């Protein structure tokens, strides 16, 4: 994998738990999606006033698609850093591109497509503050 | 541990998943409580008309206390059998005693105290059908 | 999603556990990858002599890529059926395409790319028995 | 529960993840044991040179018994604090008493019995540095 040269929009650091590693000594593949969820909560807290505030203001998101490439295993007690970059921005959908790494070692990278919805309901446009945050970080048009 | 000579009220069989084993090759200790929850759902289905029916009829239970002894590790792909025996029966509380074993090898045994409640609310007596099921299996008075 | 008209190579049925559902009442997205792992173990047991036998014979696989589309939520106590179809077959890599459904309701579908390796080591060709099983189920050439 | 008046030996703070909460909106009971494991790793790092160093020096521990009382639910995104106090100290066994709380609200409290072993082998005395750490915090003799 070519490292993505763009600086990340956000980086979350977390430590790998013992129970997250399987008998081969590496993080079981499903857990990276749970880690991504943690990183999103922290992105919202740090840059968008918190996830609960967005829901209270009438917007939520669903995960519509996840696509991960597994390159190397992260291990117990390692510090995992999750870089989040911005992918394609649509009307109600937003692709974010996480890279999970331990120092310079990329473990997993991929893309997650979110669709914004009215809480419990149908799709709606990306909230203005979210759009204002991500648009300057969108990839250059092809 | 002396094997409990009483026949179990119920036995649930399940297979250990790869992701439930840690890097020592055995089931991580927390998962036995999740396995117990699965066994309860199956006990309710097999003998009490199902968990959802009990809630619809105005009763639910909370887990108030768990006490587990870890004797031996269960491993990936082994068939785990969860025997459930009856412990102390109170007015609104019921102790059940699970033994988790692979064949004759006891892995974990213990006791779980449930308190019956009005769904979302305060404690209430054990429902009649639950009491009728467990009383004949109660341990002999000391 | 257009339903895939090909009959699946294999179907595994499992019941959704309470602890796998989040506070929106549906299975948390990461768990589908854990369910897929369970289905693979059962596919190997049913059709290929078991996963342990393959490892003993000098072959293992790594998950290299996962791609899931989330269409609808599966709920507590529902019977989930995981249909596995065959995608692109390479020299050492094999794509399988799981569909997770409850009856006719498709919840999640996607693709998982496996790379066969010498246990603990480098990539190797797909074992003969695996190839013999999947080739008749490969998608028609484009 | 009477709050334990002794100051804790150690406190670990962590944030509740979305995927750890069930459809009643509270942490599923099994996860507290996983949280305890995280707190132990951090206790070892902060006060005993790290878990890996202990293993390298010829000592490990097994969880032999867990006993938890569930008092109130912790919720998504709350800051959980895990206070660890010292219980009975034996030759090779050590009881620690965790209290899981959100601010002043006690959620879960209990006791965990560890048995020290030669890595992969039989029981051995508590390592000297562990004993030196915990003995001054032992409960007063009855």
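In order of appearance the chains are A, B, C and D, and numbering begins at 1 in each one.
In this text, contacts are C-beta pairs under 8 Å (C-beta built on N, C-alpha and C of every residue); 3 or more make two chains touch, one makes a residue touch a chain.
Note that the structure is a prediction, hence the values are computed from the model and not measured.
A comparison of the B-D and B-C interfaces places the larger number of contacting C-beta pairs at B-D.
Set against the Cα centre of chain A, the chain with the most distant centre is B.
Interface of chain A with chain B: the two copies contact each other largely through the same residue positions, with over half of all numbers used appearing on both sides. Between the CA-based centres of chain B and chain D the separation comes to 24 Å, rounded to the whole angstrom. Between the CA-based centres of chain A and chain B the separation comes to 37 Å, rounded to the whole angstrom.
Chain centres here are Cα means. That of chain B falls 31 Å from that of chain C.
Within chain B, contacts with two or more other chains are made by residues 18-19, 28, 30, 34, 37. Every residue of chain D that touches chain B in the complex is listed here, in rising order: 28-34, 37, 62-70.
Interface residues of chain A, counted against chain D in their complex, comprise 17-19, 34, 37-38, 41, 51-52, 77. The touching residues of chain C, when paired with chain D in their complex, are 18-19, 21-25, 28, 30, 76.
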